[in-house]
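Down below is the structure, laid out as C-alpha cells.
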Amino acid sequence: MKHFKRVLITGAAGALGKVLRAGLADIAETLRLTDRMELGSAAANEELQVCDLADLESVLAATKDVEAIVHLGGVARENTFNNILNSNIVGSYNVYEAARKNGVKRIIFASSNHAIGFYDRTETIDSNVMHRPDSLYGLSKAFGEDLARYYFDKFGIESVCIRIGSCFPEPMDRRMLATWQSYDDFVQMVSKSLIAARVGFTVIYGMSDNCESFWDNTKASVIGYRPKDTADVFREKMFAATPTPDPFAPAIVYHGGGFAADGHFEDQ
Amino acid sequence: MKHFKRVLITGAAGALGKVLRAGLADIAETLRLTDRMELGSAAANEELQVCDLADLESVLAATKDVEAIVHLGGVARENTFNNILNSNIVGSYNVYEAARKNGVKRIIFASSNHAIGFYDRTETIDSNVMHRPDSLYGLSKAFGEDLARYYFDKFGIESVCIRIGSCFPEPMDRRMLATWQSYDDFVQMVSKSLIAARVGFTVIYGMSDNCESFWDNTKASVIGYRPKDTADVFREKMFAATPTPDPFAPAIVYHGGGFAADGHFEDQ
Amino acid sequence: MKHFKRVLITGAAGALGKVLRAGLADIAETLRLTDRMELGSAAANEELQVCDLADLESVLAATKDVEAIVHLGGVARENTFNNILNSNIVGSYNVYEAARKNGVKRIIFASSNHAIGFYDRTETIDSNVMHRPDSLYGLSKAFGEDLARYYFDKFGIESVCIRIGSCFPEPMDRRMLATWQSYDDFVQMVSKSLIAARVGFTVIYGMSDNCESFWDNTKASVIGYRPKDTADVFREKMFAATPTPDPFAPAIVYHGGGFAADGHFEDQ
Amino acid sequence: MKHFKRVLITGAAGALGKVLRAGLADIAETLRLTDRMELGSAAANEELQVCDLADLESVLAATKDVEAIVHLGGVARENTFNNILNSNIVGSYNVYEAARKNGVKRIIFASSNHAIGFYDRTETIDSNVMHRPDSLYGLSKAFGEDLARYYFDKFGIESVCIRIGSCFPEPMDRRMLATWQSYDDFVQMVSKSLIAARVGFTVIYGMSDNCESFWDNTKASVIGYRPKDTADVFREKMFAATPTPDPFAPAIVYHGGGFAADGHFEDQ
Amino acid sequence: MKHFKRVLITGAAGALGKVLRAGLADIAETLRLTDRMELGSAAANEELQVCDLADLESVLAATKDVEAIVHLGGVARENTFNNILNSNIVGSYNVYEAARKNGVKRIIFASSNHAIGFYDRTETIDSNVMHRPDSLYGLSKAFGEDLARYYFDKFGIESVCIRIGSCFPEPMDRRMLATWQSYDDFVQMVSKSLIAARVGFTVIYGMSDNCESFWDNTKASVIGYRPKDTADVFREKMFAATPTPDPFAPAIVYHGGGFAADGHFEDQ
Amino acid sequence: MKHFKRVLITGAAGALGKVLRAGLADIAETLRLTDRMELGSAAANEELQVCDLADLESVLAATKDVEAIVHLGGVARENTFNNILNSNIVGSYNVYEAARKNGVKRIIFASSNHAIGFYDRTETIDSNVMHRPDSLYGLSKAFGEDLARYYFDKFGIESVCIRIGSCFPEPMDRRMLATWQSYDDFVQMVSKSLIAARVGFTVIYGMSDNCESFWDNTKASVIGYRPKDTADVFREKMFAATPTPDPFAPAIVYHGGGFAADGHFEDQ
C-alpha cells in the first residue's frame, strides 16, 4: 500500500539509509534519496540527488514536492565540533527550514541515545527527561530534538525523534544486548512513524524487545511500534566474547557507553 | 465456578449488555438483568426486570438481594443534557444509593474514555490523571467515577470503573486500532473485576492488547487483566479503508476522537 | 480602575455574595447581582435580578451582556441529592451553557475543598490530583470543575475554580487554622482571577497565608494571588476554645473535616 | 559458562538456598555454601562452611576470597525482635562489613515484599517508593536495603535487593496469584543479578509473569530479567480452594497479606 | 496553656535535651526527663529518671503514664556499629515497643539529615524520597523512621520524624548556612508536632528559614511550622571564616557534609 | 570581600553587562570585561578586552587566568539563524571549550525563558522540564544549557544556567509583572551563583519576588537566592497602561510572550 506520493530519505548512502531504501520501498510512489556520497543507480521508484545538508539551497531542492522526510543525514558518530556543527546543527536546521518553506508536514528525525547518554545505567528513563548529551555528537542530536520541538510548536511540522540505540545486523558487545535494534524493527519503527495518524512532537527509543534495557519505551505506543526481534538470542555469544566489565568504568556506568567514556575530539 | 449468588447487570438489553449476559452466565447462580427495553425471555439462570434508572424505587427493587452490580445502563453516546442528566447522572446516583441501602458490596461501572477524551493522542496517560471530558456524555462518566469514589471513601462500596475504549466485534476506523477492545477481552475484564479479592476504587482502560495506544493500563494488573485479542490484525484493512487523516483535525488530535470534535447537542 | 463593563455575580444574597458585592464594586461599570433571595436595593453601579439557576431561561437572561461571571450560586453545604442536583448540577450547567450562548468569556467558579475532602490531612496536595469528594455537595463541586474543563477545552470559555476552604470573618475551630481565608483575601483572589491575562482552566485553593495547611497553592501564582491575612493570629484562641481532638476521628483525619465524617442526607 | 571463581551463598540450607545451590551450580568454579544448619555433603564444585551470621569473625571467614555473595541467611518470617535483631540486622551488617574488609564487589540481597507490605493492594508501586514494613521481619529487610545503599554510596559495593514475593513450587493461596515467583524464575533473577555489567544499587521485585500484580517491575530490566513462568495457570485451582475473601480484612487490603494482619511477636 | 498531663523527653541531658527542657516547660503539667547522664535537680514541673534505652524494662518505666514522647536519646553522631546498634537501633525499638505497651499515642522522633545524607547538594529533595544514609548513624535514623512507620501503620501510634539539620546556637561553617535550625525554631517545631491535631506518620526537616537550602520542607505545613530565624544573618561571617571549598570534595558534594566524607568507624 | 582573583564577564558592553560590571565590582580582585563593542575606560580593578566569541583564539585569550566566567555575550533577542549560529551556538561552544583548555572551573550562563517559551502560562513549571524553545534565540539558549550539562558531566566544569525573565529597570508590560527581575536581584543571583559552594549543573529562573509567576523557582535555593524586589508595585501602572489582552493570542498564551508569537526571521 502506497501511503505517500513522495518521501525523502537524507543520508541514504549510509548504513541505515540503505536499510530504509529497501525497507521503505513500498511506502511511497517515489522515494527520493539524497546523500553527499554515491547512491548507485536508481530503481524504478527512486529519485537520487546529491545533497549537501550544510547548503540550504541544496536542501530546498531535495525537499521540494515531498510529503515527509526521514532525516538520517549528517555525521553519525563523534567528530570535531566544526564537522558536527556543519553536518548536524546547520544540516538539521536546513532540513527543518526547507521543510517549512516547501510545506512538508512530517519529519522522522534520527536522533540518538547519545542525547541522553550521561544517565546511569541503573536509571531507567522514559522520553520526558532532560537531555544529558555524552558527546558533541549527542549534543547535536539534543539540538535536533529541540529544533523539532520548535518547528512543531511554532509551525505545526510534526516530528518523531527516534533515539536510536545500536542498529546493526546483530549486537556486537554486551551493552548492545540492551540497546540493540534489528534492521527490521527499525524499518517498522520508521514506517509506522510515517503513517501514524498524529505524532505531534514525539520522542521514542530505537530498540528491539530486549530483556535488558534502561529505557522505558511506553511512548512508542503512540505510533504502534511492536518489536519483533530481541537481542536476547545473542546473550550467550556476547557474554562468551566479552570479558567481565568493570561496573565503574565510564563506558559501563552510562547509557552512552564508549561515547560517555571518550575524551574530547580536538579540532585540527 | 459460581462466584456469586446473584449479580445484577443494568442496561442488559444494550449491545454490551448482551455480550455480558452471555459472557457472565456462569459467574453467578442467578443473573438479574434489567433495562428499560425488552429483554426477551429469561434463561434458567436469569431474572428479568424492567427498570428505569431515573426512578430510585425501581432501582431499589433491581438491586435487592444482589451481591454485585455491573452498571452498563444509561445513554451510551452524546445526547442532550436533559437526557444525560436523567439517564446517566441521576441514574448512576440511584444505582449507588440503592446499592448502599441494599448492602451491595461492589459495582463495576461502565465508564468511558470520553471522561478523559480531551487529552492529546501524543500524551500517554495512566488512570491517575484529572478528568478532561469531551462531551456531556463524557462529563456524566466523569461524574460517575467521582460518585464511585465517594461511595467507596464514605461507605466502603468498591468500584472498578472501566473506561471503555471501543468495544465492538472489530475496529471500524483507524482510531479504533488504538482503542478497540474485543468482546472476549471485555468479558474477561468485567469478570475479573467482579471476582478480584480487593478492588477498592480502581480505574482501568477497556482495551485489548493493541500495539497502538495512548493509555498506560498498568493499573489493570490489580484485577489480573491479560488481554487475549489485539486490533493489530485489522491494521491493514483499516488503513486501506480510511483516507489519510489530518493530524490537526480535532477528531484526530484528541483521545476522544469524534466526540471531541463534535459540537454541542442542543436541548429541544 | 474599571476592568469590565458588566460582571455577573450569582448567589449574590449569600454570605460570600455580600462580600463580593462590596469587594468587587469597583471592578466593573456595572455589577449584575442575581439570587433566588432578596437582594435589597440596588446601588448606582448595580443591577439586581431574581434568578433561579435551575431554569435555563432565567440564567440566559442573567448572563446576557456580561463579560465575566462569578458563580457563587447554589446550595452551599450538604443537602439531599435532589436539592444538590437542581441547584448545583443543573444550576452550574445552566450557567456554563448560558455563558456559551451569550458569549461570556470567563467564569470564576466557587468550587470547594469538599471536592477533594477525602484526602488525609497528612497528605499535602496540589491542584492536579484526582477528585475525592466527601459529600454530595463536594461531588457537585467536582462535577462543576469537570464542567468548567469541558467548556474550556471545547468552547474556549476560561475558568478559575476556587476550592474555597473556610471563608468567614475569622476561624471558628482548629481545622480552620489551616483552611481559613479572610474576606479580603477572598476578594483579592476573585478579583485577580477576573483580571488575569490568561487563566485557561485553573484550579486554586481559597486560603489565606496560614502556617498550617494541607494544600500546596503554588498554582495560585497564575493569577498573582498574594494573601495578606493569616489564621495564625487566631491559633491560641482556637486551641484554648477546642478540646484536644482525636487524630483518628474522621472529622480530623480528612481534609473535608465534618463533611467527611457526616453520614448521608436522605431525600425526604 | 563460569562467570566467577567463587560465589558465596549464605543461608544455603534453607528452602531457597537449596534452590540456588542447584540453580547456580554452573555460575562459578566454586560455590561456597554457608548456614547454621547442616548442609549435607559437598559436591565437587562446592565448599561448605558453618557460619553464624551474628558473629563477624565467622562471616569474615565465609566471605574470604569470594567475588560475589548471595545473601539469603537469617530469619525468614516474623519472629521476636531479639531474633530478628541478631539474625537479620546484625547478620546483614556483618555480611556487608565483611564484604568491605574482604574486597567483595557485589551482593545479591534477599529482601522481601514485607519491606513495603503496608501499601494497599490497589496501589501499584515501583521500587522507588518509601518503605512501609508490615512486620519486624519486614523492618529488618528495609534496614538491609538501606544498609546496601550505604555500602554502595560510600564504598562502591554493588547490590541488587530482590523483594521476594512468594517463592514456592506453586502458589498456595489467592494472594500468591499476584506475588508468586517460580523457582526457575528466581534462579534466573539471581543469576542475571550476579552477571549484569553494572547494578549499582538496584531494588527489584521477585515475581513471575503474573497477570495479577501490585508491583511495577520495570526496573528489573536493568538486569535483563524475563520471567518464563506465571501463576496464571493456578488461578482456577486457587479460586476453587479458597473462600471469597473480605476485601477489608487487613490480610487482603495490604501487599504483605497475613504479615500485615498479624499482631506483635512478644519477646519471651 | 498546658496541652498534656505528662510528656517524656529522652536524652534530656544532651544539648538539644536541655533546649527542650526549657522550651517545652509549659506544654505539660509534668515533663519527665530521662537520660543515662546526670540531669541535675528537678524543677517543680519535672520528673527525672535515669534510663538506659537499651534496656526495655527501664524504658517501660520511663514511658509509663505519659501521653507523648520526644525521643532524642541515643548516640548523636557517627560511632561504632555496636554502639549505634545498642543506643539507636535497640534503643528506638524499646521506645516504640514501650509506647505500645503503655498506650502512648504520639512520638516525636529526632531523626537526622544523615538518613538522606548521600543526595547531591544540587538535588532539592522533599520528604518522600528513599533513604540514602551517609553513615552508620544515619542508617540508624533511617531505621528509626521505618520503625515509626511500622508502629503507625500497624498500631496507630503517630510520629513526626524531624530530620534535624544543624541545631546549634549559630551556624559554624558554610554548610550550616543551609542546614541550620535555631534553638527557638527547633522548640517551635517540636512543640507544634506535639499539639497538631493529626500527624499520622510525617517526616519533616529541622531547618530555619535559610535562603540556601537543599530541602523542600512543604510538608512542615502539616504541623504549622513557621520558622522565625534564618542563617542568612551569618552568611558574611561564615564566608569570611571559611576557605573557598572544593565543589567535588565529598563533604561538599553531599547533603550530609562531613558525615558523607568520613570513613568507617571500626569496632574495637 | 574578594572571593576570586579574576572573573570574566562576556558581553560586558550590553545592558546586563553594565549592570554586572558595577554590581560585581567587589567580588574579585580583577574583573575582566570583554565585548565586541566599546567598553569605555577601565577602572582600577578592571581589564578590558575586545573579544569575538565566534573566534576560539579570541575566547582562549579572554578566558586565560580566570577562575570563573559570567557568560552574557551573544545575540540577546531573535535574529537570523546565521547570526544566532555564530554568536550564540559557536560563541557558547567557544566559551566552554576555552574554559576547559584554560582550567576555568565555573560558568554562569545567561540562558533565557525563551528556552522554555512554548509552555502555556497556566502551566507552572520548575527547572526539570524539557525544553520548548519559542524562537531561534530560545533554541540557542536550549543548546547552551545542554552544552553546559555536557561540560559538567564530562569535564566537571560547573554551571548555573539562569533563565532570565525580563531584566529591566522596571516592568514594561503586563507580562513582565510575572517575569520581571530587578537589576539588584539579578546581581544577587549572579553573585551567589559564583560563590556557592557547589552548583554542579543547575538551572534557575531569573525573576524577582513577583506574586504572579509561571515558574516554580524552588531550585534557586541551591545558591541561596532571596529576591528583595517585586514587580507587584508596578501592577496598577501596568494595568492602566495596557489594554485588556486576548487570552488566546499567542503572545499571551505562552511563557515566551511576543517571542512565541513572532514569525520566522528570514536570512537575507
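A, B, C, D, E and F are the chain letters, set down in written order, and residue numbers restart from 1 in every chain.
Going forward, a contact is a pair of C-beta atoms (placed from the backbone, for glycine too) under 8 Å apart; a residue touches a chain by one contact, two chains touch by 3 or more.
None of the values given here were measured: they were computed from a predicted structure.
A.B. asks: Chains touching subunit A and subunit B alike, please list them.
C.D. replies: D
A.B. asks: To get from subunit A to subunit E along touching chains, fewest steps?
C.D. replies: The fewest steps needed to get from subunit A to subunit E is 2.
A.B. asks: What whole-Å value do you get for the distance between subunit C and subunit F if each is reduced to the mean of its CA atoms?
C.D. replies: Here subunit C and subunit F have centroids separated by 40 Å.
A.B. asks: Quick check: how many Å separate the C-alpha centres of subunit B and subunit E?
C.D. replies: Subunit B and subunit E have C-alpha centres separated by 51 Å.
A.B. asks: Could you grab the centroid distance between subunit D and subunit E? Build each centroid from C-alpha atoms only and quote it in angstrom.
C.D. replies: 32
A.B. asks: Got a list of which chains touch which?
C.D. replies: Every pair of chains meeting the touch criterion: A-B, A-D, A-F, B-C, B-D, C-E, C-F, D-E, E-F.
A.B. asks: Residues of subunit D touching subunit A in their complex?
C.D. replies: 1, 3, 105-106, 156, 158, 195-202, 218-219, 221-226
A.B. asks: Across the complex, what residues on subunit B touch subunit A?
C.D. replies: Those in contact with subunit A are residues 120-122, 124, 174-175, 177-178, 210-214, 216, 232, 235-236, 239-240, 244-245, 247-248, 252-253.
A.B. asks: Please give the residue numbers of subunit F that touch subunit A in the complex, ascending.
C.D. replies: Result: residues 56, 81, 85, 89-90, 93, 97, 100, 118, 128-136, 138-139, 142-143, 146-147, 149-150, 153-155, 260, 264, 267 of subunit F touch subunit A.
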